[in-house]
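Letters A, B, C, D and E mark the chains as written, and numbering starts fresh at 1 in each.
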Amino acid sequence: MPALNDYLFVSGLLFAIGLAGVILRRNIIIIFMSLELMLNGANLSLVAFSRYRLVNGLPDYNAQALVFFIITVAAAEVAVGLAIIVALYRARKTTHVEDINSMHY
Amino acid sequence: MPTLLFYLFALIALLFGAGVIVNRNPVSSALCLVMSFVGLAALFIQLDAFLIGIVQILVYAGAVMVLFLFIIMLLDLRSEKRRRINRLAWIGGAGVTAAFVFLLLAALQNFQGERFPALRPDIAATLRAENLPADAASTDSALIALTAGRLPDVHLTGEVLFTRFVLPLQIVGALLLVATVGVVVLSKRRLT
Amino acid sequence: MPAHCLEACVIVLGLILLLLEAFLPKPPRRLLALTAIAGLGAVLVALFFVDRSPESSASLGAYYVVDPPALFFKGFALLATLLVLVMSLDYASVIRSYLQTSEDEPDAGLGEFFCLPLFTCAGLMWMASARDLVAIFVSLELVTISFYVLVAYMRRNIGSLEAGVKYLILGALSTGFFVYGVAWIYGLTGQTDLLRIAEALRPAETAAVASSTALVFALGLLLSGLGFKIAAVPFQIWVPDVYQGAPTPVTAYLSVASKAAGFIVTLRVLEPFLQSPIAHQTILVLLVLAAASIVFGNLCAIPQNNIKRLLAYSSIAHAGFLLLAVASVRSNAGESGGITAGAAVSFYLAAYLLMTLLVFLVVTLVRSRTGGEDLAAFDGLGKRSPFLAFAMLVGMISLAGVPLTAGFLGKFYVFLLALEARYYTLIVIAALGAAAGFYYYFKILRSVYWERATDESPISIPLPTRWAITAIIAAIFILGVYPQPVLSIFE
Amino acid sequence: MSILDFIILLPLAAALAIGAGLPARRTALAAAGLNLLLGLIALARFGNHDPSSGPAFAASRTVSRNPEIAWAVGLDGMSLVLLLLTVLVTFAALWQAGTPKDNVRLFYISLLLISAGSLGAFLTTDLFFLYAFHELALIPTFLLIGIFGKGDRRAAAWKITIYLAAGSLVLLAGLLLLVLALVQDGALTFDLAALAERAAAQPIGDSSQSLIYLLLLIGFGTLVALFPLHSWAAPAYAAAPTPAVMLHAGVLKKFGLYGLLRLSPLLPAGAERWLTLLLVLLLGNILFVGLVTLTQKRLDSMLAHSSVMHMGYIFLGIAAFQADHTLGAAGAVLLMFAHGLSIALLFALAGRLEEKLGSLDMTKLGGLAKITPRFAFLFGLAAFASIGLPGFANFTGEILVFLGGFQSLEPGAPLGGLQIATILAVWGVVISAVYMLRAYRAIFLGELTESNVTASLTDLTLSQKLPAGLLVAGLLVTGIYPWFLQRFLEF
Amino acid sequence: MEPAWFLLLLPLLAAAVIILFTRKWKTLSSAISVGAAAVAFLISLGLLGRNDEQVLAFRWMEIGDLRIDIGILLDGLSRSMMFTVTTVGLIIHIYSLGYMRNDEGKSRYFAGLSLFMFSMTGIVLAENFIMMFIFWELVGVSSYVLIGHWFTRNPPVEAAKKAFITNRIGDFGFLVGILLIWSLTGSLAFSGIQEGLPAAAAYPSALAIAVLCLFCGAVGKSAQLPLHVWLPDAMEGPTPVSALIHAATMVAAGVYMLARIGFLLAAAAPSAVLIAWIGGLTALFAAVVATQQDDIKRILAYSTLSQLGYMIMAAGLLATQAAMFHLFTHAFFKALLFLGAGAVIHACHHEQNIWKMGGLRKNMPLTFATFAIGTAALVAVPYVTSGFFSKEYILDAAWSQNGNLFWIAAIVAFLTPFYMIRLLLVAFFGRARSRHVEQAREVPLVMGVPLLLLAVPSIAIAWFSGLIEWIQIPHPEHHATHPIVLTVSILALLGGGGLAILFYRERASEPFRAAPVADKFYFDELYDGLVRYIQGGLASLSAFLDRSVIDGIAVKGIGRIAAGTGYLLRLIQVGNIQAYAFLFGMGVILTIFLLLAL
């Protein structure tokens, strides 16, 4: 069975990939997907911790509850986010970040 | 054997995760995302977090993905036209990511080979039995499951959610309401 | 009445208004807004009569604590929301123009704009009471998401949308870091309740904590999440654009409520770490952030010409001053007298709320009358409306920190704390920053009083706004001369 | 409520009333007149007050428990003299003030605020309010010069505002350090008397004393235009409207000296450590700025520079005081009084001259004494007063300062820095004679140059003479019979 | 209340009344002023004949153990000086009634005179140094006012300014001296200083310096080298003023002061010698210059300078009685001369150049007679004039103490008759050289009587030595003046006079010009240069530094730096989400690194 830090490493990598995506991609939707990746990375570590830190013989369900909340929040975030993106697309006909910097300095 | 599976699923999650950010075509990125989530779900399940695993599939692979694809279709996004790739962005992104991974490794030092602890449902069972009134003990399905050595995952998660986390749960309710209203307001085409 | 009913009341109020908005044939939006204001006022009054005993909400445990700071910040949130709603009334015309509405119902879609702040308010109030990372996370997200909506609300307005997108992406990013940080904290301590975490981090139990490296890693991630909320350098990056683009009342709300919430959470979250073995470097980092914020905010504000953008930079600067107070938290824990960092931060925030909202009330009015948000729009305000000009004057001198105003006392206590903690370098930086502050705040007064207006037509002021402004001005001076009432909350 | 509270609040109340719509000029004058009356009453009642029993008319209201800040007022010899100065000059300035084309209310409100600020600063016995009140006067100055000023008014107003703001931040740092250095079992106090006790009971360490004193010197020095921190003064005074400059140069500027005089006893070591520096700087004021004054071509900027120069003598008195020569202190206070009256008088007359002639370019004027003998006579009195002619208060102050310089010098002992500085300062008297007489000769004597033979130039009417007469009377009485003020100045 | 107080207050009162109320009614104003002077004269007369010494004090200020009084010190010295001042003062007041009859600034003029009387009285009666300094300065002001009386013309105005500032320079030294003396003897009152003197004598050098500083005051007031430049210019003022202030009384204040502090001079021998030399040199210099002047008043002015030089020299030689005695006699005959000159000028419609006069002897016999008497006194005609005795004392003192100075004095004694006779010949003899002069008429009685009144003492003092005793003029008790002194002075008189007659009989124009002498050895030019180049240069330099360095670089520079930095820093906010995300990530990384590093 793999050790805890294997999981943590995987989750960290996932998080890093997400981060890289946010920084590198220029399509807002894909940036958004990358953000989801990051959240899931976090989730994985949480679950892993909860499994490796047994409380009286069982996984720590507090952590899993937190994961549950995170997933919910993420979903809500996606909904709102996509709505904004749609509105933006309607107004500007683009989802490309470089096209939306009317405000700067 | 479980180790192998771990590597498999981890690989799936990571590779498709990478796929999300390398693909030029949004649709394929979305599909990669699904796959990576599936891999993730598998990892959850391997960690005995069955409920979370299922929710992961349902919410992400189900709802979120559909939403993404739907929007992509709606906006009819083609694969990005080849713009001059922004070198600075690439260097920066790579640099930041690398630095992050480095820090991660540094942090990971002290979990070297923390072994995978075996579940002890019996301990939980005895504790639970003590806390329960005698008559309830016979009917409490979780207790039965535990004593049977199984892990009543859903039951226990639900229990925590609806007892300890009742306030956060309500807050999340409000949050969802706000989100709904927000989405409606933001995406109505014409207000009447 | 137990304290946690307050949030319930606010939520219910919001729901009722939403339902009215949804199901009335021609909902009177102004009336809805006024109802909301009245309701918030009622809750604010109720706040003074709630059961302050900790056990009143014991059933909710770490997810809901009742202590002076919590109550103070609940009141803070209520007041801020109330004033923002007043502001929104003046701003309605602008919003309307950006929501392509049908002629038969000109202010359709305004209803939600008046309702959403109520839920934000509830989120802020919950946050004030949260002592568990989970509760903090969810209430924080409630606030954040409602802000996503509010910022992007004027969806026919490029600026608003752009601001919305920027806030969305960066907000989500910070959420990601925060969550990951929470995960690590949990992993290291096995706890999400801050008290328990504190126990786990006590120097005695350091053995339990795997290593400082991982802890530091986690702390860094948390700080990034919080730094985003309080708009501290280097997490301020979103602030100028979002402040500039968002609807003015929302900008005000962001700069006051979201910042304040960020700070109370920061205070609560940092508490365990400041007794932990890594307290030293935590404080040092806080100081670095503070210095960076003060310098960046104050200097960048100087060349600005859009008033909202200018205020954005100034709010970064104020975040710096507040962080300075936060960083002084431990040094004066025991020995010397004077006021505690918590009290100082709270007082500063109270002052900040008053003066910022005062300024934004004026900005909103001017925007809705002249249609401009550049400094030029304020030329000759002294002639067009002495009242508004005076309000602007008071707001500015308070922000700049001229004595006998609340703003001065805020800075005063911060300086006191920092000097007590012997952060001399920081003091020098802060002093320089404050001096620069005079420069750009008075730049605004310059155009208000010295410049000639293009059209001299007087500006009419709606009654609620006039009341609000008068009240705030009075409050600024009263607090500026007689701070004890606020301070005694924390004694 | 002590009589002093009334004296401070009266102008504020008047300002409010004017804001609320009462006739500006009449209200302001009434308030000023009443204050003058109250001031004289205070003078009369002060005579039968026993100085050993602390300040007279003391009253105190705590506004913050820890740090202990109180709205506390009290009157001792020094503040009595400055109180008289303030009420006299205020009355004269308000009387002198005409009615600008627009913003009349703002004009008088600002003037009243300056007066109130100085009164508060001089009458309070609490360090916090001492600082706060002075700062408050910053804003009206900004408005008065910026809106109602002349010539390069904006640049001047901008400079004075930013400059003084920055200076007062340094000052604030110094004051806070002082208070912190005198912490007693965790209790911080801003009460001057308490601070003095603590300092006496347990002096501050030398190193921190010298730091604090330096900060105070820079801070106060900036406010008093101590060389080389003086470059704000001349342009501001040249640009300011007459009543504003009367109040600022005449009264407000004295605050820095007052503060230094009050606080330096708490920091004997620091004062000693920096005495040489202070001496060098004040000589900079007297000789360097004196020479600069010689080159001025316009009357107003000449007067402005001269007032900067004369600050040097007061500083000399303070320096002497710090070398525990009590005469110096008395001299400094008398000189503040005298300089305040004379410079106010000079600026008043210059202002009137300009409004009649539209120019103060001395190269273009000449021979006015032929047309306006009374005016010339008054100006002559003022000029001679300001160059320290016996019979005027200025001489009394200067002679005391000089005596202070040589007080308790061991017979035959070599001259110390203080004595040398004093001798050089005495030479300054010659310089000031040169530029004053030059100016007087250029404007009033010699042939009448056509350029200014204007019908509008009429001699003073009685009501125009009244404010000037008031000031002259003050100067003469104190000059001929100084004992009536000086007896209160025991140090 | 002591009558002495009225001595002080009456003139002040008169001045105040005139300024505040009666400037409209000129005659009334002049009457008030003259009345005040008359009463003052009577009072001072009443004070004579007592030889007690009394001090009246009035607390001016008091701090700790330092008490400064406005006090009156009545002793022989002050009584006699008071007598001189009031007498000459009264006479000149009366004279002015005529001289200034039609002047439009009459009220101002008389106010000025009264103010001067007040100030002068103050100096004379002063009981301590501070008080003396106060009135010292006030005298300066009143002379400023009176010199500049005709302020619409430029020369008087300039002269007034020059006088005041030059005096200020002297007063600088005076004040420093006062401070030094105070620190040495611990007192400001003359009595106290005298007590403290023994202790102070322990530090002779310090004392010497202090005394020299005090002497600076005298240099300024009594117009000694190098601060003499103001006195000749001061002649721009109305002639009575020149007579009263710039001949008889004010300029003598320096001498009086030295007499007051005679005991200090005695204690500081080296500085006394220096003082004597300055006096001597001034006497010589002025006498030389006088020989080449053409303006009647300037000649007299320079002669005044040289006479003052005599007195200072005497004071420096510690023969203060001689100095005071000469001061006394000189006051009368010099006032007489000036008034005479004034009469001439008045009669000749303000013609002052002696070469344009001539033959006035016939038109103005009274004036001529009195003027001649005055001249006789000034050139010290032996045994018949008061001037003779006082000058003898001085020469005698010089002879007995300092040979060189004696010979200098002798030369002066030779020059004096030379230029005076020259003046007399050119102005009064020969034939008139201009129309005004031909039509010159004898002055009215109101101006004539004062001439007579002054002519009397110029002679009389010499004969009634009892009078001297009564007035208590300090004068050396009778002793045979040294024969050499006597002969020398007589020879000098004859030589000088003879030479003058030789050169200037029947001359219509200056036979020979010695430019440097005529131009007063270029002192004015020198000082103008100093002021223009040294002071002016310094001033413009500091003005430049003030503008460019202090304000330009220091102040404005800081502002620009701040603004510039802000301008650059804000460029971080590029507005591109990608960049923002990158920066945010960087922020996180940096924070964590910092946490690790610190």
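Please note the rule applied: a contact is a pair of C-beta atoms (placed from the backbone, for glycine too) under 8 Å apart; a residue touches a chain by one contact, two chains touch by 3 or more.
Quick caveat, the model's predicted, so the values are computed rather than measured.
Student: Provide the labels of all chains in contact with chain D and in contact with chain E.
Tutor: C
Student: By number of C-beta pairs in contact, which chain pair leads?
Tutor: A-B
Student: Could you tell me which chain's Cα centre is nearest to the average position of every protein Cα atom shown?
Tutor: D
Student: So which chain is farthest from chain D, going by the mean of the CA atoms in each chain?
Tutor: Taking each chain's C-alpha mean as its centre, the farthest from chain D is B.
Student: Approximately how many whole Å separate the CA-defined centres of chain B and chain D?
Tutor: Chain B and chain D have C-alpha centres separated by 72 Å.
Student: Distance from the CA centroid of chain C to that of chain D, rounded to the nearest Å?
Tutor: 42
Student: Find the geometric centre of each of chain B and chain E from their Cα atoms only, then give the gap between the two centres in Å, rounded to an integer.
Tutor: Centre-to-centre distance between chain B and chain E: 105 Å.
Student: CA centre of chain C versus CA centre of chain E: separation in Å?
Tutor: 77
Student: Touching two or more other chains, which residues of chain C qualify?
Tutor: 134, 138, 141, 145, 148-149, 152, 155, 165-166, 169, 173, 184, 213, 217, 240-241, 439
Student: Hey, what residues on chain B touch two or more of the other chains?
Tutor: 86, 89, 92-93, 96-97, 100, 103-104, 106, 108, 111, 164-165, 168, 172, 175, 179, 182, 186
Student: So which bits of chain A are touching at least two other chains?
Tutor: Where chain A meets two or more other chains at a single residue, that happens at 8, 15, 18-19, 22-24, 26, 28, 31-32, 43, 48, 62, 65, 69, 73, 76-77, 80, 84-85, 87, 90, 98, 100-104.
Student: For this structure, enumerate the chain pairs that meet the touch criterion.
Tutor: Taking the chains two at a time, the touching pairs are A-B, A-C, A-E, B-C, B-E, C-D, C-E, D-E.
Student: Mind pulling up the chain C residues that touch chain E in the complex?
Tutor: Contacts found on chain C: 165-166, 169-170, 173-174, 177, 213, 216-217, 219-221, 223-224, 227-228, 233-235, 237-238, 240-241, 278, 280-282, 284-285, 288-289, 295-296, 298-304, 313, 436, 439.
Student: Show me the residue ranges of chain E that touch chain A in the complex, using the header's touch definition.
Tutor: Going through chain E, the ones touching chain A are 570-571, 573-578, 581-582, 585.
Student: Under the stated contact criterion, what part of chain D meets chain E in this complex?
Tutor: Where chain D meets chain E, its residues are 159, 162-163, 228, 230-232, 288-289, 291-292, 294-295, 326-327, 330, 367, 369-370, 377, 384, 389-391, 395-396, 399-400, 402-403, 405-407, 409, 411-412, 419, 422-423, 426-427, 429-430, 433-434, 437-438, 441, 444-448, 481-483, 486-487, 489-490.
Student: Would you mind writing out the residues of chain C in touch with chain D in their complex?
Tutor: Touch residues, chain C against chain D: 335-339, 382-383, 386, 390, 393, 397, 400, 402-404, 408, 412, 415-416, 419-420, 427, 431, 434-435, 438-439, 442, 445-446, 449-450, 481-484, 487-488, 491.
Student: What residues on chain D touch chain C, complex-wise?
Tutor: Listed in rising order, the residues of chain D that touch chain C are 19, 62-67, 71, 102-103, 105-106, 131-133, 135-136, 138-139, 142-143, 146-147, 154, 158, 161-162, 165-166, 169-170, 172-173, 176-177, 180, 183, 185-188.
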